[in-house]
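Here chain A shows up in two complexes: once beside chain B, once beside chain C.
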Partner chain A sequence: MSVAYRTEPVYLLASILATTRRYLQDVSAYVIQLVRWPLGPLFMFATWRITYSASGRTSADGATLSGFLLVGIFGSILWSSSIWGSGYAIQNERDDGTSGSLFLTPVSRAAVVAGYGLGSFIWFLPSFAAVGVLGWITGAHFAVHAPWAVVLAVLALCIASLAAGFTFSGIFILTRRGNLVANVIQSPIYLLGGLMVPLSVLPGWLRPFSDAIPVTHAVVALRESTLLGAGMGSTVHDVALSLIASAAWFVIGLIGLWRVEDVAKRVGQLDLY
Partner chain B sequence: METRGGAIIASHLRRVYRKGGRLFRKGGETVAVDDISFQVPQGTIFGLLGPNGAGKTTTIKMLSTLLIPTAGTATVGGHDVVREDRIVRRQLGVVLGGDRGLYAKLSARANLVYFGNLYGMTSESIRRRTGEMLELVNLQDRADDRVEGFSRGMKQRLHLAKALMHDPPILILDEPTIGLDPAAAVELRRAIGRLVPEHSVLLTTHDMHEADQLCSEIAIVDQGLIVAQGTPDELKARVGGNRRVVISTQAPLNGRLAGVEAGLNALVDVQRVITDLDDVGGSRLTVLCTETPRALDTALALLRATDAVITQVQVVEPTLEDVFLSVAGKSFE
Partner chain C sequence: MWQSASVSSTSTSRLALQAAIASWKAKIYEHIVVNGLGGYVLVWVAFPVFTLASIGLIYRAHRPGLVGYAVVAIAASAFITNALYYVGQLLDEERHRGTLVNLFLSPAPRLSWLTGLAFAGLFETTVSAAVCLLFGVIAFGVRFDPDLPALVLSFVLFIASLWGLGFVFSAFGLILKRSNDLANLLSSFVFLLGGVYYPISLLPAWLRYPAEALPLGYGMQALTQASLHHAAIAQLAPQLIPLAGFALALPVIGVLTFGWIERKVRRRGDLDLY
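Presenting the complex of A and B:
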């Protein structure tokens, strides 16, 4: 009996989901991973919360400290998941010695990167829950007037993170030192993206850099819609800015992936197989 | 399926690597494959035989769409490997050498299921083929164990199952038995032998015995060029003079050998006769010839006429090693 194949759109979706499942099987093989990811954001939240309190602040950008930091930590969790999930996808395959087998299949490389991204989002869900509980215990105050605005902001944050992952997936592998690059770029984003520090306190000359990061606008949208009771109008504005930046990052990412394939096949210098 | 003559057709393939270049400095060039052309007939095993660094792996990387040729063209199943790379990948199952290429933390079954998804197979096909492939490579009992605990031989068998998962008509096997213990290598060779005639196979190896045993046609590659091509028998016939008849006697023949040598040298098939002492003190007569039966008959008759007691008779046919030595002018290793 011969083999039957899926139609193209179903194939794309199935390969994303299969990669997601494979990613989750792979990371859950290490017990330390089960402990590390929920604990990391908890300590991060606690550190920033104590630091702000020690400086005498009780609020940030009009929200309670815990609320402000809670949204920031959500953003940073998604950001980390992008970097170490979808961003690190191809590099991870190379490190594991499976990139040759992967590139021999007709699967879309973008689908594999997306599968890693989705897998890492799911993997980080316990972290969201743990930080949410800690934020609530430490006095996070929510003011949601437009639930759909919150949904929209969360979606924008996920898309922004995935866009960053796409961009990094090509950049990391082309630098051939993905983990080092990932470590270098991780910290500045906490500052520039307004994740842990209010954008209003940043020097003006840093603002263009902040604006170019899709996560920045999505975090603003999420903060305003969850903590300050913002309506659909202002949320849509920030979400639109986030989506525009995300689109630009997606394009850069796709060019990066094309470049990876080109360097691997034409120049033969990436040691992918 | 239209395959335009052969399952795989390589035409004047060339691959040059540029290395060490910087912004204002031109790097050097390494010619990995110079000019390679061959056809893999349908339903056969075609061997690319050559020492390490001969250009075999670079050739199969070009054929399997992992590298773009610097020059030349190639088709797999009638499809161009550069312009129609996605179609080629569906037609092709590839086993890359070494034990990399599998997800170590996943079970054998999970690996096959994942690759089935990457090839776009339906869920029903994946389920059915996973069972069939595990049975084919005799891994049913370890199907749900993590691959990281597998022996090298088991990993290689799983590689073969992975390559066959989407039922491709054409297979490329790159040094599939490298690093395997003899028993595992024999088992894998049996599995490879069973792939034809349903599949067309391109096998690269530097194991001459493997090539001789499995391939219906062989191309010997050296320094990026094919230096000889034909069936194993045709190739060995080119170095027919390397056939040897070796006869040992119980005691040294001393003065009686001159007549034997003269009688053998009179035969047209005989190229040279060498006499020396063997390890246990008897005489050893080595006859280099193009046809062994007549040389053997004559040598035995002449020796019996001297009342010699014959303790050992050995007929040594030429090997592919002799062929490589003859065409490349150097030893294989």
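Presenting the complex of A and C:
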């Protein structure tokens, strides 16, 4: 009889769920965390909404300002979740002094990263709800003609965020400057990913960088399907682009995690300090 | 008697100055070594450049007049970020390393090493603000027409206000144990009401009242007017007078609050608890 912890799906799922539970217990231990995450996106939405009003714009990429920003904030919450949840998973273990133990357990590292990612998605649910209500109050206008296109776009956005998280999880710890890198990549996405700034105003030379980010296409698909009444045809196109980019990021992420494992075990730097 | 008092006072001042300089040096050196020079520069360049690029691109087409405001205000916001995050986060880091209690038990005056740490942040923030101004000139063609006395006075009053605010935030960080989370929450509030992306005069009326109860909007307005439109001190009186009030009151409030909360935390004995 053999015990194959890493090959049986049930153990994989159990590892993901256990990590998710642990993540949620950890973040909910402090009152400030309970207050900060739902309120932060609300203030952010209001700040960008006033900025757009001050700019004299009445629409952005064909959508109402509130609608445009609502989707953008939705994407930015997922992006934050991918950076500070799944992306920061291994780094977090390192900071807690438990990365050595993690590398010695038979649990799949990918399951741990996925568990952090799932936990942070759940943690951010109140933020989504709060921003949704604010967007609706401030006049977000929805035009949904193909509900399945919306579902597809949301799924693509979640997958794109998880892909980014996988990529960052290896990179953060390999650079050994996880916090610094995480902070550096936080702001460019608002511009390059089209989250807060319409892609139409980006200079042409920035577009290739923008196109290489999976979240960019998923956000376009979500905006078009929820705000502009796009059908399955155009949504599928953007979702496909997002999935291709996500796949590439996943591969980079897996290579990064293998590399972390290698550095940790072969070089003997389990804690990677 | 007089002589001994004088000696004691001199040595205390010297100790305070030495502690401030030592903590300033240690923090700068640590950040350069820990982050590497490349990473160090990157972190202080990426945020202002991308933030300014985003706001500048939004304003450029319809309200180009606001691009100059955004350049100066986003540069100045680096100092707000410093006040919000820096000292509180450093205290959190010391707690994680297990050295926070040692710091508080050392004979060096608390205010001295805290000021040294804050000034280390000020140095980094100045780099960040300079990059932002430079980027504004290169990418958006912003031109400055500064009135130096007004600019210097506005800046000094602005920094003094922020210094006081920074102590208040750090004090609350001591109690909450999560300064970074507190700073993240406050920064979104401050960016909304602080006149960073837009003048507070463009806020809806119901948001303008709380914004006017903070020093930030006055500081931003004075700095932008003094640096872009050659506004003299007399012209800036409506902003400088309330800002001066904040600059006098907030440092006192900050030091008193920090002392009060520190005593409270020490009495409870949970300074180094997570």
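Definition applied: the second predicted complex is superposed on the first by the 262 of 273 C-alpha atoms of A that agree within 3 Å, B and C clash if a C-alpha of one lies under 4 Å from a C-alpha of the other, contacts with A are read in each partner's own complex, and residues count from 1 in each chain.
We take it that a residue touches a chain if its C-beta (ideal position, glycine included) is under 8 Å from a C-beta of that chain, and two chains touch if they have at least 3 such contacts.
All of these numbers come straight from a predicted model, not from anything done at the bench.
By the touch criterion stated above, A:Arg207 is placed in contact with neither chain B nor chain C. When the two complexes are overlaid on their common chain A, residue A:His145 makes contact with neither chain B nor chain C.
By the touch criterion defined above, A:Ala46 lies against chain C but remains apart from chain B after alignment on the C-alpha atoms of chain A. Legend: residue contacts after superposition of the two complexes on their common chain; A:Thr105 is shown touching chain B, with no touch to chain C. No residue of chain A touches both chain B in one complex and chain C in the other.
Taken in their complex, chain C has these residues touching chain A: 34-36, 39, 42-43, 46-47, 50-51, 53-55, 57-63, 66, 96, 176-178, 181-182, 184-185, 188-189, 191-192, 197-198, 202-204, 207. For chain A in complex with chain B, the residues that touch the partner chain are 1-6, 11, 14-15, 17-19, 21-22, 25-26, 29, 96-98, 100-107, 264-269, 272-273.
Taken together, the chain A residues at the contact with chain C in this complex read 30-33, 35-36, 39-40, 43-44, 46-47, 50-57, 95, 175, 177, 180-181, 183-188, 190-191, 196-197, 201-202.
Those residues of chain B that touch chain A in the complex are listed here as 15, 17-18, 61, 64-68, 86-87, 89-90, 92, 94, 96, 100-106, 110, 113-115, 117-122, 124-125, 128-129, 146, 162, 166-167.
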